[in-house]
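I've put the structures underneath this note.
There are two complexes below, and they share subunit A, which is joined by subunit B in the first and by subunit C in the second.
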Partner chain A sequence: MIQVLISGLFLGSVYALLAVGLSLAFGIMGVLNLAHGSLAVLAAILYKKALFLYPFSPWTFCALTTPIFLGFGFLLHLIIVAPFRNLSLSSSLVASLIASLGLALILEDLFVWWQGWEPISTHVTFTTFNVWGIKIPGLRAILLGMAALTIGLSTLFLKKTDPGRSMRALAQDKEAASLYGIDPDFTSMGALGLATILAGIAGIFYSSLYPLGPREGLDLTLKALFIVVAGGMGNLRGPAVAGLILGFIESFAAILFTYTSTDTIVYSLLVGYLVLKRSGSRQ
Partner chain B sequence: MLTSYAQAKGPSRLRMALFLGGVKMKIYKNRAFFLSFITILALVTIIFFSKPASAESPKEIRIGATVSMSGKFSTEIGPFKNLMEAYATAINTRGGIYVKSVGKRIPVKFIVYDDKSDGPTARKFYERLISVDKADILLGPYSSPVTFAASVAAEDNKVPFIAICANSEKVYNRGFKWIVCVIDAAPRYTHRYWDMIKAEGWAKTVAFVVEDTLHPQGVYRGAKKLADSAGLKEVSLNVLPADTHDFTAAIVKIQKESPDIVFVSANVPFSIAFMRQARELALNPKEFHVIHHGGVFQKALGAGAEGVVGQSYWTQGMNYGNPELFTEVMKRSGISLDDFPWAPAYMMAFETATQAIERAGSLDRKKLLTTLKHLKVMTIGGVVSFSENGVGTINTYPSQIINGQYHIIWPPDIATAKHEYPGSKN
Partner chain C sequence: MLSSVIFTKGYHGIFVFSLIINGTMAVSYDIPGRSLGLISLGHAVFFGLGAYCFGILVSKGLSFFPALFLSLVLSVVGALIVTLLMAGLNHGYYSIATLGMLIIFQRLFETLESITGGSAGLYIPNSMSKLHCNLLAAFLLATTVACHALFSQSRWGIYSKETEASEEAAEAIGIPTRTVKIMCLMTAAIPACMAGMLHLARNSHVSPDSGFSLTLSITALLASRIVPVKGILGPLLGVLLITAAEEIIWTKFEGFNHAWFGLILLFAALYQGIDFKRREKISAAAEN
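And then the complex of A and B:
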């Protein structure tokens, strides 16, 4: 059971990382980026291709590609945010939703064309530690630490730095933030850049632990979206905790029931939780 | 002055009608005679100047096929159009295939389409191969589900269809007359492995990990029966969806039972993911058997693939049939056996088609089918013949990755290395 608990922790940490990026983009810009998971797949493919050139560790590759993913974030802003900035909040949400869905579908086709149908797996061999009879794979333990560090640094960035404070101000009141001299376009571009970096890191970590199909981007987005809905839109702590819980539920469902029932159990629990939460908030 | 028919009245109108009718009849009779004469003349000319159909010499022998150049099976057989064209080149440089009815060798031409790893698409292309391209004989697509759909076109149009990598019994239990398959049915896929385990006698328990798809399920059902009859006890069965990512729960369950053999019946991506996590979580049975442990698996696992046993149709050093021709075809096609372990099965299908045409001595489809049904031909993987429902005799051999190389380990008469298992070197 402890082994399964640890496995759930590893899986949950990757989910958390993925969901935090999606939540960040939604909280600050009100944009639901359905291409978020596809960006994670893109990072995994880039890592796979890079491994043919040099045996980068996942964290080295994350550090090296951070500027690239920041750039992708800026580019993404031009596609799914900038064209709709003059629309009302609800119209811009729908427009960005459709634009990002279209982008996700295009990216999936491009991934298949670029690297074929085979799953992306970027495993690097590491020692497995035996602690009181419990096997702890070294790579997973390091990635768990790195995921926690990334989420922690992102939180610190938002709370303690000027650009981070600008992003939070924009999230609270766009007009008031503008009056204080915050450039909404530049700041939201930065926020989407940060969210894309987080998606990239999640993709690199995910493919280091589990095989990732070139068409799994939308599945990842859907999973992240459920986590964000359960954990609370627009904050970082809620999705991080919800991601970990999802990892535990998936791992335990597989051992207590069957592998085929995992998704049914996860989504039933989530729907049940949302219904209860909703009825609780009404009372 | 002539009175027109419209102006005529009474008896004169009647007379005129009879006269005009007579003229018309005469014209019709003359026209009918003329047309009959022309038709007979044309027929006589055709018959006189044409040769009998049987003596007609075709320019080429058309072999139709589809290959999954895109879609999910493209990683398994994507470049096999090259393999087919390389075989055609090798045969044509030797003059082609001898067809007795025309008394000479005729060059071979493969007509190949991309079925996108999809059954309905494959069926559409097989219809085209038959009706538009006029294929003399058809080779099957990759996988049981795609073959299941594609073979309907051959059956409906009565064209001989040689299935290749499609060993699910469902394909052959439909009463189809025009299909044969070079390989044996899925339940017997691993029978040589269990013969070896029984003969060695060191293994008592087995845990199964099965991907929940058609072919792995079929192989598992057979392996379970064969393991039982070899005296092994199944201590754990884990049937998992094809897209399973985290295997921890299954691995923990298996660890509790400490089986001698962990038998993984799955396609390549699933096998890679499972084996990685099994190695990480230090799952250490006496032996891992992974049914598809080809080059892609070995490259992905690296040192983790060492010692793993699986199934191979052919490895370097086997001397059935004409291995030199196979080596030549592989070289021409630029395909690596490690990356595409199904290439030998395709070669066996080419050899079977060639022999069927030569022995039938004709491209007549019915004659070809009759010859195929009674064929007994030596190929690079052994003797191919077919049972009543079309299932073939070619089966895989247990092979083991030893020092990074694939070796056939059973039966002893064709083994290229000795099976390595705990205690085997003592």
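And then the complex of A and C:
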């Protein structure tokens, strides 16, 4: 039972990382990025390819690829945010949803073409700790700590730094923020860059713990989306907690049911929650 | 003679059939898409429901026409449950929930292996000639086109437009917006269920991936929106364009069919194929 709880905690921390990035993009730009999970898969593939050259640890590779994913974020901004900036919130939401779905489908085929159908697994061997008779894999413990640290640092960045405050101001009132000299394009570009970095880190961590299929990007995005809806769009704490809860649910369901049944249960809970929470909402 | 050449002979028969089925899906998709402005990413849920209900009944020993009738009733009940759940959602939430629903059905039908055949799917014997299947499908498309036209000119069509423009305003003038949404979504769901049944009757096989297919949902979405022509002609021309292009991509660029759809979706969103910007300009001009 405790092993399942620990496993749920690890899985939940990766979901939380993924969902926090998505929530950030939605909160600041009103964008639901369906290619978010595909970027995580891209990071996993890059990590797998890099391991053939040098045995990087997941955290070293995260640090090394941060500028690359920031660049991907900027590029993504040009595709799914910039063309829809003059639309109303609901219209830009749907337009970005469709554009990013298009991007996700393109990326999925490119991933299969690039690295084949086999799942991406970048597991590196690490010591297992024994705490009061409970076996805790060292790699998982470190990744859990890193995930918590990344979410903490992102929160600090948003609360305590000038670019972070600009992002929050933009999220609250775009026009008022512009009057105070904040460049909405530049700031939202930075926000999407940060969200993409978080997706990249989540992908590297996920593939270190579990095999990740080249076409699983959309699956990951959907789970993250529902976590965001459950935890509250635009804040970081809610999705982080909801991500952990989903990790626990999935881990418990996995020991009771088959893989497809687990997915059915998880998606049913998520859609059910969405229907209950958002029915009648006109925002 | 001519109809048998067009409708049944080898590749042409298959192409014409998929054109008609895609047409039915696109025209039915267009009913709530155009009048309520809802973007569904899971229209194939109804297609899969229809196909599986029919397949399960035939595999349990029911003969063709009773199975067709009973599966229509069962899949309409299933579609009604899905519609009741989705009708409360708006905009992006509706799109996400429909996509989630598609995945739920895919996984659920993979899990219920003893009834649905699992991920390998269901096989049923051929009990109807291909010509008759194609003619029935053509009749279904014509009926769907008629439903589209009748719905948009009916009281419910006008109510839908009002609901799309402003739900609060529509409710204020006494329009039952939830009932309108359910009516509109069900008008789209029933032809999609029937398309699924005919698909299985002709091809003898359905699997969770081919029944509850994201590609089919996106084909319907794209076909209904890609040609900026008003009325029923838009989705019909759209489906001709998409299905023809799909065939070329399948044969020339194997393995990139998702990327092809993705590229069109991206361009459709970017270059106002999905016409939000135009509609917003029109409403802004009307307000001024």
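Please note the rule applied: the second predicted complex is superposed on the first by the 257 of 283 C-alpha atoms of A that agree within 3 Å, B and C clash if a C-alpha of one lies under 4 Å from a C-alpha of the other, contacts with A are read in each partner's own complex, and residues count from 1 in each chain.
Methods note: a residue touches a chain if its C-beta (ideal position, glycine included) is under 8 Å from a C-beta of that chain, and two chains touch if they have at least 3 such contacts.
These numbers come from a predicted model, not from an experiment.
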First, second, both or neither for A:274, with subunit B first and subunit C second: second
Between subunit B and subunit C, more extensive residue contact with subunit A: C
Touching partner for A:118 - first (subunit B), second (subunit C), both, neither: first
Subunit B versus subunit C as contact partner of A:129, first or second or both or neither: neither
Which of subunit B and subunit C A:260 touches, first, second, both or neither: both
Partner chain(s) touched by A:186 [first = subunit B, second = subunit C, both, neither]: neither
Which of subunit B and subunit C A:11 touches, first, second, both or neither: first
Overlap of subunit C and subunit B interfaces on subunit A (superposed complexes): 258, 260
Residue ranges of subunit A touching subunit B (in the complex, touch as defined): 3-4, 7, 11, 116-119, 121, 123, 125-126, 128, 130, 135, 137, 139-140, 210-211, 213, 250-251, 254-255, 258-260
Of all residues in subunit A, those that touch subunit C in their complex: 32, 79, 83-84, 86-88, 90-99, 101-110, 112-113, 219, 222, 225-226, 229, 258, 260-261, 263-264, 267-268, 270-271, 274-275, 278-282
Complex contacts: residues of subunit B adjacent to subunit A: 71-72, 74-75, 78, 212, 238-241, 243-246, 248-250, 252-253, 269, 272-273, 276, 280-282, 296, 300, 302-304
Touching residues (chain side subunit C, partner subunit A) in the complex: 39, 41, 85-86, 88-93, 95-97, 99-101, 103-104, 107-108, 110-111, 167-168, 218, 221, 255-259, 261-270, 274, 276-277, 280
